[in-house]
Amino acid sequence: MSFVDIQALRKSFGPVTALAGVDLTVERGSRTVVVGPSGCGKTTLLRLLAGFEAPDAGRIVIGGDVMAEGAAAMPAHKRNIGIVAQDGCLFPHLTVAGNIVFGMTEEPSLRQPRAEELMEMVGLERSMLTRRPDELSGGQQQRVALARALARKPRLMLLDEPFSALDTGLRAATRKAIGDVLKAEGIATLLVTHDQAEALTFADQLAVMRGGRLVQSGRPRDVYLRPADPATAAFLGEAIILSAELKDGHAHCILGRLPLTDAGSLARQGTIMVRPEQIRCVEPDAGAREGTIRGRVLETSFCGSTCELRIVLREDEAVVLALEVPSSADLIAGQQVDLRVSGTVHVFG
Amino acid sequence: MRGTFVLAVVIALLALLPLGFVFWATAVTGWETASQLIFRPRVGELMTNTLLLVLFTVPLAILLATSLAWLTERSDLPFARVWSALCVAPLAIPAFVHSYAWIGLWPGFHGLPVGIAISVTAYFPFLYLPISAALRLLDPALEDQAASLGLSDKAVFRRVVLPQLRLSILGGGLLVGLHLLSEYGLYAMIRFDTFTTAIVDQFQSTYNGVAANMLALVLVSCCLVLLGLDAGLRGSRRYARIGSGVARGARKTSLGRLRYVCMLLPLAAIAFALGIPAVTLTHWLIAGGSNIWRMDEIGLALGQTLIICVVGGIATTLAALPVAWLSVRRPSRGSRIIEGCYYLASSMPGVVVALALVTITVRVALPLYQTVATIVLAYVIMFLPRALISLRSSIAQVPAELEQAAASLGRSPVNALWSTTVRLAAPGAAAAVALSSLGIMNELTATQMLAPNGTRTLAMAFWALTSEIDYAGAAPYALLMVLFSLPMTALLHHQSKKIAGR
Amino acid sequence: MKSSTVFLAGALAAFSPFAFSSNASAQVADSLTIYNAQHEGLTKEWAEAFTEETGIVVTIRNGSDMEFANQIVQEGANSPADVFLTENSPAMALVDGKGLFEPVEKTTLEQVPEQFRPSNGHWIGVAARSTVFAYDKTKLSEDKLPKSMLDLAKPEWKGRWAASPSGADFQAIVGALLQLKGKDETSAWLTGMKENFAAYRGNSVAMKAVNAGQTEGALIYHYYYFGDQAKTGENSSNVSLHYFRHQDPGAFVSISGGGILASSQHKPQAQAFLKWLTGKDGQAVLRDGTSFEYAVGRGEASNKALVPLDALQAPKVEPSTLNNADVTDMMTAAGLL
C-alpha cells in the first residue's frame, strides 16, 4: 500500500465544486508535484491533506492511519503534517527562534540547540535566530518556514507554492536547497504549483489537475511526452497540435510522415502532438528533395542565446509555427527555410 | 511645506497648554502648599477609588470585549452581524446617560461596584471595536500554520491570535482607562468620587483654586502613568503582515450545541448597555408625557448643540489637517513628535483642559475669555486625534503623484494640494468632522466651564435637570443626544475597519 | 429665540477680528447678563417676567455660588456679568470684600427689612431658606431626632445621615456655625461629620436618598421638600422636616443675595432688575411659584405651605461677614472636599 492514499476525494464550497473525485497515491520518501492552472482544486487538495478543511466524501490515508473518511476528519494539529505556505507564514510576533521552536515537543532545554541544528540544515546563519521575520528576505523566510515545519519531524511535507513569491534566480536556488533537505531527511513531499517548469524539475511523480479532477499522473518525462489530452500538452509546454492520418506506424500530416511513439495497428484519423524542440530549421537545399517541408520566416525576435521565429508553411499558409532556434542561425524575416522533424510524435487517445 | 510644519507646531503648542498649565500652577503654588494639598487623606481616598476603578474596569472590559469579538467574528454564533452592530451601538449613549438609566431602575445604587459595572457597560465598545476589526484582518493562514504545528484550537488562540490582538487590546484599554479618569457625570450620579468629580467639586466651591489645580496635577500624573504603561507594554514592534498573499476568509469555529447558550453573553451585554437605557428612557418619556417636551427650550438647546458641534468639528478637522498631511506625505521624526504631542494633549481630562483655559484666558488672554473660540480650542485639544485618524487614512489613499501632476501643470503647491488631495480626501474629512462632533455633543465638563454666556447644550440641560432630580424632564435631552449620535456611531463602526490596520 | 440670537452673535463675534469684548450682551443695547447661582427655574421665571415688563433682554450663565464669586474676583474690572444672584450669603460677602459691588439704590434697599441685607448696602437679600433635618418618618420618631445640629457629629449618628458638602448651601451652614461657635468647635464638628455622614451630590439627591431609606436623615434646606410635595411627592413621601429652632446653628436661615457689579456697563438696567426683584412682582414669584423659598420683601408673604419665617427662631448671623474661604479650607482639611 502506498504511503499516502487518496480515494475519491470530493469537496464543494457552496455551488462551486473544488474537487470532483480525486484519487492519488504518494510513495514513501518521494516527491509528488500537483500542478494545474489556478482554480483547478490543487490548493483545496492540499488543505484537505493538511486537515484545514474536511472533505465532503472520500478517504485520505497516510502511513496506514485514516486522516479523513467522508466528513469525519482528524484535526490538523493531530496529523503531524508539515506545511510551508506561499509567503512562509511566519508568526510576525515571534523571532526566528520563536518561530522554529513554536511546534517543538522536546523539553525546553533541548529546543535551542535543535533550532540551531535546523538553521544549519536549511543553510541559514545561527545569528539570524534573534531576528524578526520582517527583517529577513523572502528566500530566508521560506527556509525558516521549512525549518519550523521540519522541527516536528513531520511524516509528510506539504509545500504550497512556496517559491512563487521569490525572484527568478532565488527561486531555483531555494527550490534546490529545500528539495535537498527533504530528500536527505527522507520525508515524502507534496508540492503544489502552477509553474510547469518547477513541477517538471522537482517531481518524482507529476500529477496534473484541471477542473477539480486529476487528469494524469506519472513520471514527469512520461507526462510531458505522452500527455493525456491537448490541454495537458499545452499546459506543460509549447505544443504543436495537428490532425493526421495514422497508418503503418506513422502519422501523415502537414509536417510530413512522422513515426509514432506508440504504434497503433488501426489506420484512422487522429490528433498528434509535436513539441517545437523536435523541429529544426535549415537553409533550403538547392535541389529540393521530395517530402521536404518548406516554410517562410514571418517574424524573428532576438532573445539572446536563442531566437524566436514565426514560420508559415508553404503548403498551407494558415499554419503558423512558433519555434525557438539558436540565434547563431541568423535567420531573417522573409527567408525560406526547410523544416526537419526528428523523434517520434504522440497521438492523443 | 515649511509653513505647514510651523502651523502644525503652533497647534501642538496650543494643545499642550493644559499640561503646561498644570505644571506651571504647581510651580507657582510652591512645594510646601502643594505637598500639603496633595499628600492628604482625601487625595488618598480619591487615589484608591480611581485605582480600583481602573484596575477592575479595564481587565473586565477587555475580557468582555474580546469574548464578544471572538463570538461575533470567529464563531458560528447565530445573528453574528446583528450582535456586532449592537455591540457598537452603546457608543451612541453618553456615559452619564448610562448611569442616569441605572439610577432610574435602581435608585440606591452607588459606589465602586456599581461604578465598575456601569463603566464596563458603557466603555466595552471602545475595546470591542478595535479587537473585532483586528480579528477580521488577522491572516487566517497563520492559524492554519499553527494547527499544522500541532496546536489545538485553544492553544492557537492563546499563542497566535491573542498576541496579535495585543495592540488593539492595549489601544482600546488605554482609551477606556483615560475615559475612566476623565469622566464626570457617570460617577457624580452614582456618588462615586474620583479625581475628576473632586476637581469639579473644588471648582464649584473655589473656581480655579489651588486645591483644584493640585488635584489636576495628580489626575494628570495618573494619565501620564497610563500612557507610559501603554507605551511600555506596546514596545517598538509592529506586527505587520509579512506575506503578500491575499487573506482567505477566517475559519469560523463551530459552537455546536452551545450555539444558543453562547448567545447569552451578547444578549446580557446588550441588555445592560442598550436595554437599561431604553427601559429607563421609555419609562420617563411615558411618565413625563407631553409636558416634558418644552419645544422652545429643547429646540434652543438642540440648535446650540448642533452649531457648536459643527463649528467645533470643522475647527478640529482643520487643525488636524497640517499634521495629517505631513505624517502621510513628509513623515519625519518631527512629524511623529508633533503627532505624539496631540495624543498626549488629548489624553488630558476635559476638566483639566477647561481649568487651564479658564485661568489662561481670564488672566492673560481676556479678549478670548468666555468666547466660542476658547471652547472650540478646548474641543480641538480634546478631539484632534479622532479627526487625525480619519484624515490620515483618507489622505494616504490619494496618490502623491496627483499632487505632483497638478504642480507640473502649473498649480502652486497650495493650489495643487487643494485641487487634488483635499478634494479627494473630502469623505475622510467629513468623517473627521462627524467623529469629533460626536465627542463634542456628549461633552459635559469642559462645556459647562467654558461655554459662552447663555449657552445651553443638550448635555448641559440634561445635567441641570438630573441634578434637580427631574429625571422625566431630562429624558427628551437624553433621547436627542442618542438619536443624533447614532449615525456618527455607525460611521465610527465603518471607519474602524480601516483604522484596524494601523 | 432671543437668547439664541445672542449666542449666535457671540459665536460670530468670537471669530471676527474686531471682537475685543468677550461678552456678547455688551453689543446688544438693552440687555443684562446674570451670573446665576440660584435655581435655574426660579431665575428663569424672574428673568422672563422682567423681560416681559421692561423689554430688557436677560442672558443667564448658570453655575454655583462660590464658583461665580471666585470667578468674578478673577475677572475683576473685565467681568462680563452685570448682576450676581446667589443662593447663600458667603459668596456675596467674598465679592463685596474685594470691593467689586456697586451699592444698591436706597429705594431698593428699603424694600427689604434690615435683617435680610448687609448693613453697608452693597448687596441685597432677594430670598431666604431655612436649614432643616429632613428625616425618614418611617424610621425616626420625633423623640429620636437630634436636639441640635451639633449632635450629628456625635458617635451615635455614625452612618445615619447625609449631606451635600460640595454645595454652597451646606457650606453656608458651616459658615454660620463658624461665626456662631468659632474655629475649634467647627473643625471638631467637621471631623465628626466626616466619620458619620454619607456624601450626596445635591440636596434633592440627598432627600431622595432619605425617602428611599438609604439614610435616616439629611441636613438640607426646607424647600426641596415642599417643591417635591407640590409635584408628585415621589421623592419625599416618607420624609418629614425637623426644624432645630432655639437659635441652634441648625436653625440658620440663609439669605440669597443679589448684587450689581461695579464693572457693569448696564448699571441702570441692573438697578432696575434688583428693584423689581425685591419689589411686589419679584417677591410674588416666590409666593406663587414652585420655588418655595421665603420671600424677604417688606410686607411680602411667603408661600402659605411654609412654616412662617418668624417662627423659625433662627440664630442671629451677620450675612456680610460669612467667610467661605475659611470654610472650604477647613472642609478640605477635614477631607470633605
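Per-chain numbering from 1; labels A, B and C assigned in written order.
Please note the rule applied: a residue touches a chain if its C-beta (ideal position, glycine included) is under 8 Å from a C-beta of that chain, and two chains touch if they have at least 3 such contacts.
Fair warning: this is a prediction, and the values are worked out from it, not measured in the lab.
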item: Topology of the chain contact graph, where touching chains are joined (line, ring, star, complete, other); value: line
item: Between B-C and A-B, the pair with more C-beta contacts; value: B-C
item: Central chain of the complex, centres being mean CA coordinates; value: B
item: Chain centre separation (subunit A, subunit C; CA means) in Å; value: 90
item: Intercentroid distance (Cα basis), subunit B paired with subunit A, Å; value: 54
item: Subunit B and subunit C, separation of their C-alpha mean positions in angstrom; value: 36
item: Subunit B: positions in contact with at least two other chains; value: none
item: In subunit A, residues with contacts to at least two other chains; value: none
item: Shared interface positions of subunit C, touching two or more other chains; value: none
item: Subunit B to subunit A touching residues, read off their complex; value: 139, 141-142, 144-153, 155-156, 159-160, 163-164, 166, 237, 239-245, 251
item: Subunit B contact footprint on subunit C (complex, rising order); value: 1, 3-4, 6-8, 10-11, 13-15, 19-25, 33, 39-41, 59-64, 66-71, 73-75, 78, 80, 166-168, 171, 198-202, 204-205, 208-209, 212, 214, 235, 324-325, 328, 332-333, 335-337
item: Residues of subunit A that touch subunit B when the two form their complex; value: 47, 50-52, 75-83, 85-94, 102-103, 105, 132-134, 141, 148-149, 152, 165
item: Complex contact set, residues of subunit B against subunit C; value: 37, 40-42, 45, 107-108, 188-189, 191, 193, 197-198, 201-209, 211, 296, 300, 303-304, 307, 311, 359, 362-363, 366-374, 452-455, 464, 467-469
